[in-house]
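Below are two complexes that have chain A in common, paired first with chain B and then with chain C.
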Partner chain A sequence: MKKFVIRRALTGILTIIIVFALNFVIIQMAPGDPITTLMGKENNSPEMRAALEEKYGLDKPLPMQLVSYLQTAMKGDLGTSIIYNRPVSEMIGEKVGATVLLGLTAALLAAVIGTIMGIFAARRQGGAYDAVSSGVSYAFNSMPAFWLGLMLIILFSSILGWFPSYGMTDNRASYTGMAYVADVLKHMFLPVLTLTLVLIPQYFRIAKSSVLQTSNEDFITTLRATGMSEKKIFNKYIFRNAILPTITIFGISMAYLITGVTLIEIVFAWPGMGRLMMTAITQRDYPTLMGIYLIMSISVAVVMLIVDIVYAMLDPRIRYE
Partner chain B sequence: MKKISIKKIWKTIVGDKQLLAGVIGLIVLLILALAAPVFATEDPYHFGKDMLVGLGENGHILGTNHMGQDVYSMIIYGIRTSLRVAVISALISGALGVLIGGVGGFFGGKVDTFVSELINVFMMLPSFFLILLIVAMFGNSITNVMIVIGITTWPSNAKLMRAQALSLRERVFVKSARAMGETKRQILFKYIIPNGIFPVIANTTMGMSNAILTEAGLSFLGLGDPGIISWGQMIYTGKQYITSAWWISAFAGVAIVITVLVFYLLGDGLNHVLDPKYSKKRG
Partner chain C sequence: MKRKLARLMAVVLGASMLIAGCGKQEQGTASNEGEKGNGGGTFIIRATGDPMSFNPVINADDNGYPIFQNMYLRLCALDSSKQNLVPEAAKEWEYNEDATVLTFKLREDLKWTDGEPLTSEDVKYTFDGIKENPQYYFSSNMQNVASIETPDEYTVVFNLAQPDASFVKILGWYATFIIPEHVYNNGTAWTENPANMEPVSCGPFKLEEYKQGESITLVRNEDYAEPAKLDKLIFSIIPDEATAIQAVRNGEIDFFENFPAASVAELETDENLRVIVNQYPSPIRMVFNTKAESVSDAAVRKAIATAINREEISEKVFHEIQKPEYNLYPSMIEWATNSENTAPKFDTAAASKILEDAGYKKDADGYYIKGLTIDVFEGAGYPDTAKLIQATLAEAGIGVEIQVSEYNAWQQKVGDNRDFVILLMGGFMGPDPAALATRVQTDMTFNWGSYSNAQVDELLAKGASTSDETERAGYYKEVQKILAEELPYLNIVNFAGPEVNSTRFENLPYDGQGKWGWADYSHVELVK
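Coming up: the complex of A and B.
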């Protein structure tokens, strides 16, 4: 177990170093010199140029530059936004809570609902419920999340007028306490619904196929032969073994989830990292854009690492591969 | 290699529901893309005087956008963009994956350790943001988009190819080729890759779906190629008119769903057909 954790942690650290290196390479290769990229095209201040050159050691050879880039980044300095003239890490810090709230709620809902649906489909394999739910999951899997969000706005906001389509709170009212929570929940409904719907198919598929696979294993046949009741076999043996892959999917889908959340935030004007990214794109604010990429890659790597370790704790087979 | 007759291919396609649906869908899409001028009612690049016209008005089947372009014709021409993005980026990703994975699995040892660690690392990276970053900095031409999608999505292909190469390496025909004095490069290209490529083909087909979705996502962020017609861009521009002219975004999204679905079905179908375990279960 210890060896497994160390090996996975090393891969995680390697990933983070490669992310930084990739970022570095992109700055180097991008059209124009790196300082102009970091300063913005309209900015001609020679003092700032000198300061940036000093900070990233740009007068030194390339490998040394990479080292000094890594050193600055490890200190938590992700550069300064050229539009707002504020540290990128600070700007991201303000927005990350809203993104996590949205993403985590949807991921948990999708994992629970998708897994339950998948188990039911597997139990009634070949039946009408299986056919319909498999078909629907195919369709939602093919849907761009941002488009689904727009369609839900048409239905629930424009036509029915049930839920707000914009922002995290009502700007005209300043609620406090429970009323504030209720307001946020109301604003959260549509974005969370959209994300949950596009995330469900993954969990549905994995739950369905792993229940089917486990049901076909020899030890289940043996249990059947002993005359144990179907219900007991399912609850005690199939369910426990079939639920494991869901945990892996939770980790693997992190990257997909983060992409989905960002795009969804833009649709619903949710004040998170996605919005920040969109403004950074339109204003060509490269330091902010790169900072967001770094933070997202690192968080995905960390979450996947944790998921892997949890999985190894639950399933001993993984540790001794 | 086994002889493959047309009759056998036909039988396989008809035998698998998903594959059949995928193949039919793909043929329809190809016909629509190739004969787009025949099916389109208007030149999609033509800015007409009917702006934001609703469904069926003035002969515009699916209405027009804010520039007076015919939405139905834009959707028909959009197939070309989506298919181009799907095929080219998937080919790049497939070729890279086959080469990297093949080399790792076949050569083994330190090379393989390096390759599999590289695959692990790249599987962990959220590729969409890398693509986004590169496209934002290097320019958003459709060529850039296709290349970047291709070079960031190879790891899953490499993983499959590596596993294939690992097992093929131990097979008798590969060992005898080595005994006959064929070079490692010859063995890799003559025996390992041709015999191990099938799971990669199925996976690449799935990758086409993801490429289409990625392009749509980039366009939705305003990073699409302004010189071409793409469904993602239609959704992006339609977003501003979502309450007044919903048809601009709605139908482009439907087109994406259908096209992506076709490639998913194809990929799933190919997986079933190529996986001997699956056909045994059914037979």
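Coming up: the complex of A and C.
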């Protein structure tokens, strides 16, 4: 077990380093650079460009830039944003909370609701509930999230006036304490609803198909033959087996949580990591981008490690060697 | 299980209704409070992104620009017509006869937010600093300033190396705000000064709070000589235009500048909103790379110019908000534009004939010329404009391909590397026709088409060297006449940004032509 974890952790670290170096090179090779952003539209004074390139060390060869970045990153310093002149770690720190709040809430709701719906559909396979819920699930699955978000804004904000259409807090008021919590909850309702609706289908389908699959296994037929009650068979044997794939899917979605809700953040003007990343891409803010990619690859690696371990623990067929 | 699910749903539904309900109530009381006392009120403006810092001169910062105009002062500022100068920190100014000495008289009642007075020393320090450091946006414009003198606390004199009657107007445009010497003159570089994030400013509003990615909140500066009427001015960052449209309809924001032309009709029907169309002398234009062999022949450029259907582009891409522009210099600047010598009218047959006469032959596919490229960047209607141009050019027997890039990559390709044949771009050509020089004068940095004509250069130099408007108009009209023959670039449609505001407020910057700056919100007043 210990050996298994260490080996997986080492592979994870290696992956992070390779991904990081690749990202560094790819971003720099992409056309455009942060100096163009700093200089403003339609300005290409060569003196201004030279002065700025020297200031940010962008006139040095690429390998030297990579080495100096890695040196500071090893010390836990993600550098300073070229565009905003603020520490990258500070900028990321401000945004992580909002994204996790939105992404995690929606992922949990979608996993619970989708799985319950899937189980119901599987247990009444072919019935009216199955037909309707499968249909609805396919409909939401094929809807672009940004479009659905806008439709919900038009319905719930513009027509009904129940919820605000953008942001995380009310700009006109500065709430504190419980009022602040209520304000944030009210603002997150629509984005969470949108995200939940588009995430439900995958949990629905996984849960439905794995319940169906497990129900048709030989050992279930054997249990039925022993005369065990359907309720007990389901709760004790089918459910436990069928929930494994859902856990995997949920784990993977956690890995992409940090930047996976970008479109929703843009539509609802939610101040999260996804928007920070998009802005950094259009402005070619190399240090901010590298910081975000580093955090992303670390979180993917860590979650994958955890999923591997949990899976190995739950499923005795997976060996540690 | 079924019952459990039903119960769960009931709880979720109940909780969300509770949240919606209680939040709403509080919002009501809060906004009432905000509007008490001194007229007051909070005015929320849609912003597209974050300012790079709160230093108004170190960067060319489009997101910071409207914010700076409310926190800081320039000597003088352009109004919403982008043609008239209005006083800000200076109460008056004048040129000497040959446009080489520009003298400003400053207001004497201005103070920085830390209590220090704003004097001519601050002005000199700011502009000397900009001139010395090529990293700052306005630096290249300062190279013609030989020296700055401060005969007394409230007088500033700019001595110009070459005559330049348009310099005062450029001072009213971009990255020319005055910064406090006593804060910035401390041995560290301006870019590293902590005051960039905790600014000491001098305008009608001052910074209260900045939340990156969310909002910038300014409050009234009580010590300003003419205090603003609003309590608060909030720039609220909403990246998506469609969301911002809904937010302005719902009263969650009060002002949205440059909203999509497609939404004009929808918002105009809303009685709580006022829609106006704000024109800028920033036409969308086509620039030819005169160094590229395929378009170095003036006949080819003329044929292309004749095969562009501006009416169709204006109608289909810009919903007739941005109108066709045939003049070589924006027609909204009436004193300087030349409406007699313009780009040719649309006529594909005539375009083909121009090519025939110039000796071009049709190939088997019916094309005289093939393989030209148009470089455009994503958004703002450019790719669609290029597609319509491509279609009418094909009718005339000219084959072009469209290359779409993202803005940053586009600018590097066409601006820095001059790697293009034809491009489409926008950009400010005001406030003064002297701006023509930056676009077409030999070897100027913004002359991306590398156009060069000795006669044009001479006329542009003459135009800059006198402050007599009639005389200057003559030179610039002559320049446009030459440009209309040689067509190194041509305008397609003018630029007009629809803007919408809540009718709860009056006296927006747009209403202050000739009186106050075009993003100065200190006169905005809550009326209901």
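In this section, the second predicted complex is superposed on the first by the 254 of 321 C-alpha atoms of A that agree within 3 Å, B and C clash if a C-alpha of one lies under 4 Å from a C-alpha of the other, contacts with A are read in each partner's own complex, and residues count from 1 in each chain.
To be clear about the criterion, a residue touches a chain if its C-beta (ideal position, glycine included) is under 8 Å from a C-beta of that chain, and two chains touch if they have at least 3 such contacts.
Computed from a predicted model, the values in this text were never measured in an experiment.
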Touching partner for A:Met143 - first (chain B), second (chain C), both, neither: first
Chain B versus chain C as contact partner of A:Thr246, first or second or both or neither: neither
Which of chain B and chain C A:Ala182 touches, first, second, both or neither: second
Larger contact residue set on chain A - chain B or chain C: C
Partner chain(s) touched by A:Pro271 [first = chain B, second = chain C, both, neither]: second
Contacts of A:Thr214 with chain B and chain C, given as first, second, both or neither: neither
Partner chain in contact with A:Thr99 - chain B first, chain C second, else both or neither: neither
Chain B versus chain C as contact partner of A:Tyr166, first or second or both or neither: second
Partner chain(s) touched by A:Leu14 [first = chain B, second = chain C, both, neither]: first
Which superposed partner A:Ser158 touches (first chain B, second chain C, both, neither): both
Common ground on chain A, meaning residues reached by chain C in one complex and by chain B in the other: 30-31, 37, 146, 150, 153-154, 158, 266-267, 278, 282, 284
Touch list for chain A against partner chain C, complex: 30-33, 36-52, 55, 83-86, 91, 94-95, 116, 120, 146, 150, 153-154, 157-158, 161-173, 175, 179, 182-183, 185-186, 189, 266-269, 271-272, 275-276, 278-279, 282-284
Residue ranges of chain A in contact with chain B within the complex: 11-12, 14-15, 18-19, 22-23, 26, 29-31, 37, 138-139, 141-144, 146-148, 150-151, 153-154, 158, 254-255, 258-259, 263, 266-267, 277-278, 281-282, 284, 286, 289-290, 292-293, 296-297, 300-301, 304
In the complex with chain A, residue positions of chain B that touch it: 117, 120-121, 124-130, 132-134, 136-139, 209, 213, 216-217, 220-223, 232, 235, 238-239, 242-243, 246, 249-250, 252-253, 256-258, 260-261, 264-265
Contact footprint of chain A on chain C as seen in their complex: 1, 5, 16, 19-20, 22-24, 26-27, 30-31, 34, 42, 44, 49-50, 52-53, 59-62, 133-137, 139-140, 191-192, 196-197, 211-215, 217, 234, 236-240, 242-244, 246-247, 249-250, 252, 405-409, 411-413, 415-416, 425, 427, 445-446
